Structures are given as structure tokens and as C-alpha cells.
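In the two complexes below, chain A is the common chain; its partner is chain B in one and chain C in the other.
The block that comes next holds the complex of A and B.
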């Protein structure tokens, strides 16, 4: 089930909210009842699209809950060897499960192409959200092993942590330690609920008004192939994709944070205007923050982080960024995308640091966006060869402009410019020229209108999956 | 609960996971060793007398944005009249793990078509809404037609 569907907005969400507030908050005032309602809703939400894979998630929940209890039990009896064995078992199980369902086809495909073999692999559709919930589970297991958190003894709370529907399918990746207290105590209030609704509406608008519209432009350009593509057309295409992926993913995160707020949860921010970054390092402090911090905390720092000698730090960075690329998808273009960022970050850190300081900030913005857009070509292309062809056209390997580019730009320039404007905090600055009372009145009028506009967009579109669902 | 009991539960869950994988492998496998021509034959038989005509692989690539090198054969029929949205497509894939990507591209095409025809061709829009997109192992099927169900049955029987 997707947030931007009539099933979710008209049936699932109202029923869940009514059940939660009437039974959980008003009648019983019991956190366990509230959690059970949310857990049931989350399981229905997940099973709606792929009922077979609900079993996989339930097995994962039961296994990791048991491992957590076993680790705590062994620790109480002072058996540190058994704690370690349980920890390794859990890591192997979770990474094995993720590897099996996400990467086995990629692995066999690579072996076949390298050795010229024709080994038929087991192949399954990717379980939706597996990369997100596996990383959440790993945060629990690793922090438990490190002794940073208490074991979760309540199976309902543990299951809810893994399956909580607002962030289950496309993040943000919520670390257990950030939400542990909220699983056993949370106070819902009208302010959070109201903020949740407005945040959800903003996310819905990002998805339906901008991401889907701009995505359609890029699809037309990409499906046309590079044969009739001009330099300007290729740039329009990748600008549209750049905006699409931001509005799509940050829109989902907004909706997740908003929904969390409606049920009394507070999730950390996942985006901070990444397209105003003045360096690639800055970009990754603003883009998919929950993933970057996960890798930093659970991979980069344990590898030694910045504390080692330069060659080792470079190796650590490359490992982390290869894994980041691979996390996004089982294909070589994602690996290359990760390596591309690894190299850029190393260059910024060790080679260009001084030089970048001297460059005027607007030029740094432009350079960063160029790097980001080249990255999105690698990311969005169906193969490395296709990415190479597209980049070739972008950088002069075709006629400069043709009628296709003029038509596409003239038909879409308003949404492109509006999208670019809304992807920056400029609109917030524009609002500051009004008084607080005026802003309040504007918001009172704007959010219902925005919601109605979203409904119109949603009814006119029958299929609108989120890009990050496939990760 | 003792440590040993926890270990037995964990082993039990791993066994359940293995059984589950075997089960879903049976569910998601399938497909065929037959060539695209063999699979297409009974399907094209159901198209006799229709307005559809055979199209080239290039037409399919252009319409759906497929990558030809990932396919092991394509059967594509579409109407010549631009006001007729009827289409039948069967793609045999080299790697069945690509099936979800192909299905997604087909659905994008259907959505685009729906957006095009919604306002002024309600009958065509209705056909698109009832289109069938399915995959079985290494084959992907798509059909928009008044007789979509019969064509789909022919495809399933042909595998």
C-alpha cells in the first residue's frame, strides 16, 4: 500500500486513527493496546501489496527478538562467548537474508557474465522495504551487543519497532535507541497531530505534484533513447530526475514523519535541503541522513573512521561508499555510483579542501550540483552502457538542441522552475517578509487547498510507486 | 528461559525460513523453456480477426522502453489506429529476475496511455483499466483488449 493512494487515505489511515485514538488513547489509555493496534495496522499495510513476504518479516521479527533475549540472558550469566556467538549468528542471519533476497540474482548474473556460464539462480521479487527493516534490526542487534541499549522484552514493542508502517517501506531508517522510549511511553497531543497532518500534506504534495510530473518528463526522455536526444534535452531530463528523486524520497520521509507525529512518535529528519549543498560532503550531510549516519555509526567508525592513517581512512571511505551504492540496488551502476561518491569525498577531503575554500560559494553550489546530477545519471540508468551513452550526450556528444528539447522544455518549464524553487529554503525566506499572523492565516488556507489539489492529482493518476520502494 | 531453549527456538526459526524459501521458490518459479515463437503461436491464434497487427521488436522497445539485450524474444501486436489502445505483448527474458523491471515499464506505459485517453476516449480508458500485466518465471505478459481474459488464458496454457 502506498501513502499516495485512495485506499490509504480514505480507508486505511482513518480506520487506524479512529481505532488508535478511540480504543487506545480514550478507552483503555494503555500503551500495549496502542502498540497492538499499530502493529496490526502495520502488518495489514505491509501484507496489502505482497502478502507472501509478510511471513518473511514475521520470521525475521521472531528470530531477532529471540536473539536479543538470548544475548541478554547470556550476558546476565556472564557468558560473554555465547553473547558473541549469538551476535555473529544474528548478523549472519540478517545479512544472509538480505543478501539472498536482494543480491543472489546479481551474484549469479555476475558469475555467468565473467565465466561465461549459464547457472540459473533462484529468483524472487525483492521484498518491499527489506533493506530498511534489516538495517533497523541490525541497529538493535549491534547496539545490544555493544551494551548501549537494554534488551526489548516485550515482543509487541519489538515487532512494532520493526514493522511500524509510517517508515517501514522507505525509511527513514530509525535506530532502535532513538525510538526505544517512545515504544513504552508516548503522549499524543493536538499540536503534534496537527503538525503531523500538515507535514504529511507537504510530503503528499511533493510526491503527487512534483515527483510524478517531473518523473513523467524524464521517463519520456529516457524511453526515447539517446538517438534523438540533444545536449539540452539530456540536461532537461536529468534536471527533472534530480528534482523527481528529491521530491519523491523526501516527500515519503515527510509523510512518514507526519504520520509518526499523528501517532505520538518523533522520527529524526532525513533531508535538509540537499540541493543547496556547497560541497559533496555537505550534500551527504543533507541527503538520506538516516542512511549516512547508519553507515557512519555501524561501519565507518568500527573500521577505524578518521582515526587511522590516511591510506586506511581512504580504504574505509571506499568500503563504506561501495556498500552505500550496493545498498541501493543489486546492479553495477549502483556500485559505480557509490564508488563515484567515495572518490569525490576523498578528493574533497585530501586534495581539493584548500582549493574549494577559495572558490566563490555560488560556483561551489554549481559544481556540487553538477557532480550530483552526473551521479543521478549513473543511478537512474538501466545499465552502465546506457549511463555512458547518456553522459556522452550531456557533455556534447550530440546536436546542441533540437525540436524535442524545445517542446519538452516549453511544456514543462513552469513545473521545473517551481520545483527547483521549492527544493530550496527560498520559499521559507519569502514567507518571512509576512507577519506571524499573516503566515498563520496563509497556512490555514494553504494546507486544505494543497490537500484538495493532491486528491485531484491522485485521482487522475492510477499508478505512482515511490522510487525508493525498490531498495 | 534457558540459553539452550533460545538456541532451539532460533534453529527452529531458521528451519522455518528454509521451508518458506522452498515454498516461495515454487510459487515464483515457473516460466518456460519454449521459444517465444512456440509460446506465441496459440496466443496469436486468438487474435485472428482482430484489429491488431504484428509489430517489430524495435516498436516494443520504443513503446515500453525495454532493453533488448535482456530479452530472449518478443511478441508484440498493436492496433494501427491511434485511437485504439489494444495491445498484446509477450517477452521472454534471459534472466527471470528482470521480470519485475519489465512489469514496471509496462505499467508505466499503461499509466501514460490512461492519462492520454482518459479525457476523451472513455471506452479506450476502460480497456486500459482492465488490462492484464503478469509474469511467470522468465516470461512477461501484457494485454489490453476486449478479449484480454481469453488471450491471457491462451498465454498461460502455452507455457
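The block that comes next holds the complex of A and C.
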């Protein structure tokens, strides 16, 4: 199920809220009851979109719960070899599942194209959310192995950690140690609930009003191919995509954080205005924070992190960024996208560090955004060749402007400007001149209005006239 | 405090919408969308495992959402306010004109269609064959299209089609319409069809090619409705304009009987005024599109016309009545009969193909049901 669907909004969410607050919070006041309600809701939520792959997630939950318990009891008996063996087994199992379902088709395709073979590929549809929940599981297993956390003995709490529906299918990637306490104790209150539901509304608006609208513009440009594309058209397209992916992804995180708040959970922030970054390093401190900290904590630092000699640090960085690219999708353009960032970050760290500081800040904003947008071309193109062609057009390999570009610009520039404004903290600055009371009153009008707008955008997408149109 | 109140307001809205959407779920049909709304899906293991149950539930809940039509309409208004020039693939033109997106010319698809047409022409070489392709509003009223909107060169497309027709007389409707004085009266603002005025101009071109003596017949037109909101308005959910529909009646003493062959129905009029009460009022002509319609007339003529057509012909066909003893109208999109048999039995003296460019370029039914 997705948050921006009718089923979620007018059936799943109200029913889950009533069950949680009436039975869990008011009647029984019992954390186990609350967790059971949320777990059931989460399983329905996942099964709604993946009626078959839910089995996979349940197997994962049972396996990792059991391994966790086994590791803890091995440790109690002082058998550290056994702990290590169990740990390695768990890592292999989890990465194996992810690899099998996400990367097997990619692997076969690559082998076939490198060796010119024609091996029939085993390709499965990707189970929704597997990249996210596998990383959550790994954070539990690794921290348990390191002794940073206590083992989770309660199977319901453990299952709820993996399957909790707000962050299940698109993050943020919540590390077990950040949420362990909240699984056994949390207090709901009206303020958190209100902050949650308004945050959820903001996320919904980002997705429905901005991401979908701007995404449609980019789709038109991308589907049109590079034949009729002008330089201006290509830039409009990638600007729209740049805004779309931010609103889509950060909107999803807002909705997750908001929903979490509605049920008494606190998740860490996942985005911090990434498009006002003054360097690529800064960008990755602001973009998908839960993923970059995950890689830092569970891959980069174990590899030796910064404390090794420069060549080894460079190697470590390249490994981490190739994996980051690959995590986003099983295709070479994602790997290249990761490598692209790896190289940029190494350059900033070792070559450009001094030079960058001398450049005026506005220029640094622009340079960073240029890198980010080139990155998005790699990211969004269906193939490396298509990415190359698109970049060629952007940097002058076509006529400067044509009627397509003028048409698309004139029909969308208000949304683009509005989107760019909302993707930065500018609107906050604009609000600063008002008094707290005024801002409060504005909020009281704005959030309900935004919610109604979301409904309008959501329902109008389903308008599907059947008109014997051509007849 | 304010955030708390705002949150409570949003929560109240969420529950209100959920509850309000529970009412009106017995509504079966959407006038605007011209389709049946999704019914409540039945729960079964098979439907759950292949995901159909979830898909249909989403459609069911969306179709019966509170104030659905109003919301769609507000969205269209918002889109236009924010500068959008097209909604649901409909161009929002000037002077309240709406345009469908013009069709592209696919050499492969059109080639197959033209092969079929040429074969049919050959099979009845004794008859005179005519081909008439009508341009669409996007061409004739291109000034009213949104500036820079992607469009097609319909004169070029018509020329390409005409160039590939063997042994047929091609009727030039395009330049006749281009020369017309009040071009805005040639097409509906809210519908993808042409009006009786355009059809009348086209008729004169066809009649000239066919050598019909039109001087002896006088035509009179009547306005049958002023409140036509056509398919383009529904598609875009934009109902700010209304069109008038005129019908044209030849003033002669020629009587006729209309037979709907597959429906086994006879009527005494080519107009069906009951459709003026419905949403798609263009169906006043012949009651809509039917596979095969035959008009037998008392005209002093020994000619039989076989007309292959799309819906553009529906408002033109009545003008042909005084000149033929029999007119057989075939709409290949619905036709399932045996064309060879029909041609042998009726032995038409004239065959006319009448289409509009947008429909013709996308048509596959000529190949499928006549080929």
C-alpha cells in the first residue's frame, strides 16, 4: 500500500488510528496490545501491495529473531567463536536474500553481455521495501554482534521493528538502537499526534502536489527522446526531475516521520534541505541521511574509515560509494552514479579542499547543484547511453531552444519556481517577519487547506473518462 | 497550541472525508466519465493473491470518493490557473476552444489501412469511388491552439494519404474549410466533432466530385440544443462553455426509412432527439455509431451509395439522402458482417470513404473488419 492512495487514507489509516487509540491507548493501556495492533496493521499494509512476498518478510523476521536469540545465548556461554559463526551466517543469509531478489537479474545480464553468453536469467520482481528492511535487520545483527545493544527477546517487538508500516517501504532506515526503547515504552500525546499529522500532510503535499506534477513534465521530456530536445528543454527536464525526486523522497520521509509521531514513535530526520548544500560533501550530510550514516557506521568505519593511509581511505570511499549506487538499483547507471559521487567526494577531500573555501558561497551553491543535476541524469536515465545523450544535449549538443521548450516552460514555470522555493528554507525566512501568533493562525488555516488540496490532487489523478474518445 | 489545533483540524478532516465517502457508494454510473463506476470487489483468495482485490478496492474507493466530480473540476481550474495548457491530453485553447491531441502519421499503420481500401475499390471497379478526409479543429483553428503546443501538419498528412490511393477521386475538404469565412463556427468548442456548417461545406465538395445536382434541393437548418458540453469538456473536466448543435434537413418530398441492420430496428428519421437529453448530444445524429445502417429513399435515382465512415459522417450523411435510392453506411469500428457479400448483393454504384484525420490515422478497424 502507498500513503498517497485512497485505500490508505480513507480506510487503512482511520481504522488503524481508532484501533490503536481506542483499544491500545484508552482501554488496555498496554504496550503489548499497542504493538500487536501496529504489527497486524503493518502486515496488512505490506501484504496489500505484496500478497506473496509477505512470506519472505515473515521468514526474514523469524530467522533473524532466532539468530539474535542464538547469538545472545552463545555469548552467555562465552563461546565467542560460535557467536562469530552465527553472525556470519546471519549476514550471509540477509545479504543473500537481498542479492537473490534484487541483483540476480542484473548479475546474469552482466555476465551475458561480458562473455557474450545467453544464459536464461532468473529474474524476480523486486519485493517492495526489501532494501530498506534488510538494512534495518543488518543494523540489529551487527550492533548485537558488537555488543552495542541488548538482544530483543519479545518476538512481537522484534517483528514490529522490521515491519513498522510508516518506514517499511521507503525509509528512513531506522537503526535498531535508535528505536529499541520506543518498542517497549512510548507515550502518545496530543502534541506529538498533531505534529505528526501535520508533518504527514506536508509530506503528502510534497508527493501529490509537487512530485507528481513535476515528474509528469520530466516524463514527457524523457519519453520524447533527444531528437527534438533543445538545450533549454533538457535543463527544464532535469530541473523538474531534481525537484521531483526531492519532493518524492523527502515527502515520503515526512509522511513516515509524521505517521510515526501519530503512534508515539520518534524517527530521526532524513533530509535537511539538501539543495542548499555548499559542497557535495555537504549535500550528502543533508540527503537521505539515514542511508549515508548507515553506510558510514556499518561499512566505512569497519573498513578502517579515515584512520588509514590515504590510498586505503580512497579505496574505502570508492567501495562505499559503489555500494551506495548499487543499493539504489540493480543497473550500471546506478553504479556509475555512486562512482561519480565517490570521485567528487575524494576530490573535495583531498584536492579541492582549500580551493573551495576561496570561492564565494553563491558560486559554491551553483557548482554543487550542477554536480547534483548531472548525477540525477545518470540516476534517472534508462541506460548509460541514454544518460550520455541527454548530457550531450544539456551541454550544447543541440539547438538552444525550440517550441517544445517554450511550450513546456510556459506551462510549468510557476510550479517550478514554487517548487524551488519550497525545496529551500526560503519560505521559513519569509515567515520570520510575522509574529508567532500570526504564524500560528496561518498554520491553522494552511494545514487543513493543504490536506484538502492533497485530496483534490489525489482524486483527480484517478479521473478516467471513457468517452469513445476517438469515435 | 496552534499546531495542536491545526493537527486536530486535519484529523477531523481525515475522519470526515472517510465517513462522508461511505455515503453514495450505491452510485453506479458517472455521467462525466461516461463509464460505470467500480463496484465493491468480492473477497476471494484468488483475487487477493493476484492483487486484483486490492487494485479493485482502490478503484472502488476512489470512484466513490466524497465530492469526486467537484474535486476533479477544481483540479482542472487550478491547473489552468497555474499556467497548464493541457489537461488529460486536451489542449486548452483560446476563446473556450478545446482540442484533442492530433494523431501522428504512422507509415506502417496507415499503409495497411490504405492497402485494404485499395483492395475494396478494386473489387467493385464498376462503381465510382471517392475518398474524403476531413481536417480537425487543431488544423483549421490552429490560431486558437495554445502557443507552441505540439501539433501535426495535417495538410501534409492528408496529402500523403491521398497520394497512396489508387483509382479513387479524392475530395479536397481541407482547402474548402480553410477558405470558410467564420471558421470558429466549423467546430464545436467542447467536442471533437465538426459542426453542420463544416459538414455542409464538405458536402458541397463531395457533391461536386460526384456530379450531384444540388441546385434543385434546398437545405434548412435548425438549432436543436444550446447546452451541448461535449467529450473534450468531459475529458478535461472543464465545463465553462456550451455549444449549440444545428441539424440540416433537405427540403424535398423525398421520403426515407432508416434500418439499423444488426439491431433489427427501423425508424423514419435520421435524427434521434431523445439523445438531446443525454450527455453526449452529438448522438442526435443517427443515435450514435452503428455497424451498418441502411437508408432507403423515394428519390428518383437509380444510384446506391456505400459509405464507409467514422462519426464525422453522422452529421453529413443526412444531406446525401435526396440523391440516392439507397445509402448503406458501414462503420468498420463496429462492423462484423461480410463485406464481399454485401457488395455483391447491393452492387453499389458509388463508394465513399469519409473520415476525419485524427481518427483515420489511428484506425485499425478498417484492416481488422474489412481486410
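FYI, the second predicted complex is superposed on the first by the 461 of 471 C-alpha atoms of A that agree within 3 Å, B and C clash if a C-alpha of one lies under 4 Å from a C-alpha of the other, contacts with A are read in each partner's own complex, and residues count from 1 in each chain.
Basically, a contact is a pair of C-beta atoms (placed from the backbone, for glycine too) under 8 Å apart; a residue touches a chain by one contact, two chains touch by 3 or more.
None of the values given here were measured: they were computed from a predicted structure.
Considered on the superposed chain A, chain B and chain C are sterically incompatible, since they clash. Once the two complexes are laid over each other on the shared chain, residue contacts for A:125 go to chain B alone; chain C is not touched.
In the superposed model, A:55 makes contact with chain B only, not with chain C. Once the two complexes are laid over each other on the shared chain, residue contacts for A:310 go to neither chain B nor chain C. Of the two partners chain B and chain C, more chain A residues are in touch with C.
Once chain A of one complex is fitted onto chain A of the other, the partner contacts of A:80 are absent, as it touches neither chain B nor chain C. Legend: residue contacts after superposition of the two complexes on their common chain; A:410 is shown touching chain C, with no touch to chain B. When the two structures are aligned on the shared chain, A:69 is found in touch with chain B, with no touch to chain C.
In the superposed model, A:28 lies in contact with neither chain B nor chain C. When the two structures are aligned on the shared chain, A:457 is found in touch with chain C, with no touch to chain B. After the shared chain A is superposed, the part of chain B among 60-68, 96-104, 114-122 or 132-140 that runs into chain C is 114-122, by C-alpha clashes.
Residue overlap on chain A between its contacts with chain B in one complex and with chain C in the other: 52, 460, 462-463, 465.
Contact residues of chain A toward chain B in the complex are 52, 55-56, 59, 62-63, 66-67, 69-70, 73-74, 77, 79, 82, 86, 89, 93, 97, 100, 105, 109, 121-126, 216, 219, 222-223, 225, 382-383, 386, 460-463, 465. If you check the complex, the residues on chain B that touch chain A are 1-3, 6-7, 9-10, 13-14, 16-17, 20-21, 24-25, 27-29, 61-62, 64-65, 67, 95-97, 99-101, 104, 107-108, 110-112, 114-115, 118, 129. For chain C in complex with chain A, the touching residues are 1-11, 13-15, 17-18, 21, 32-35, 48-51, 54, 57-59, 61-63, 65, 68, 71-72, 74-76, 78, 82-86, 88, 100, 146-150, 192, 231, 234-235, 237, 289, 310-311, 333, 358-359, 362. Residues 1, 5-7, 9-11, 13-14, 48-49, 51-52, 190-191, 193-198, 201, 403-404, 406-407, 410-415, 439-441, 443-444, 446-448, 451-452, 455-457, 459-460, 462-471 of chain A are the ones touching chain C in the complex.
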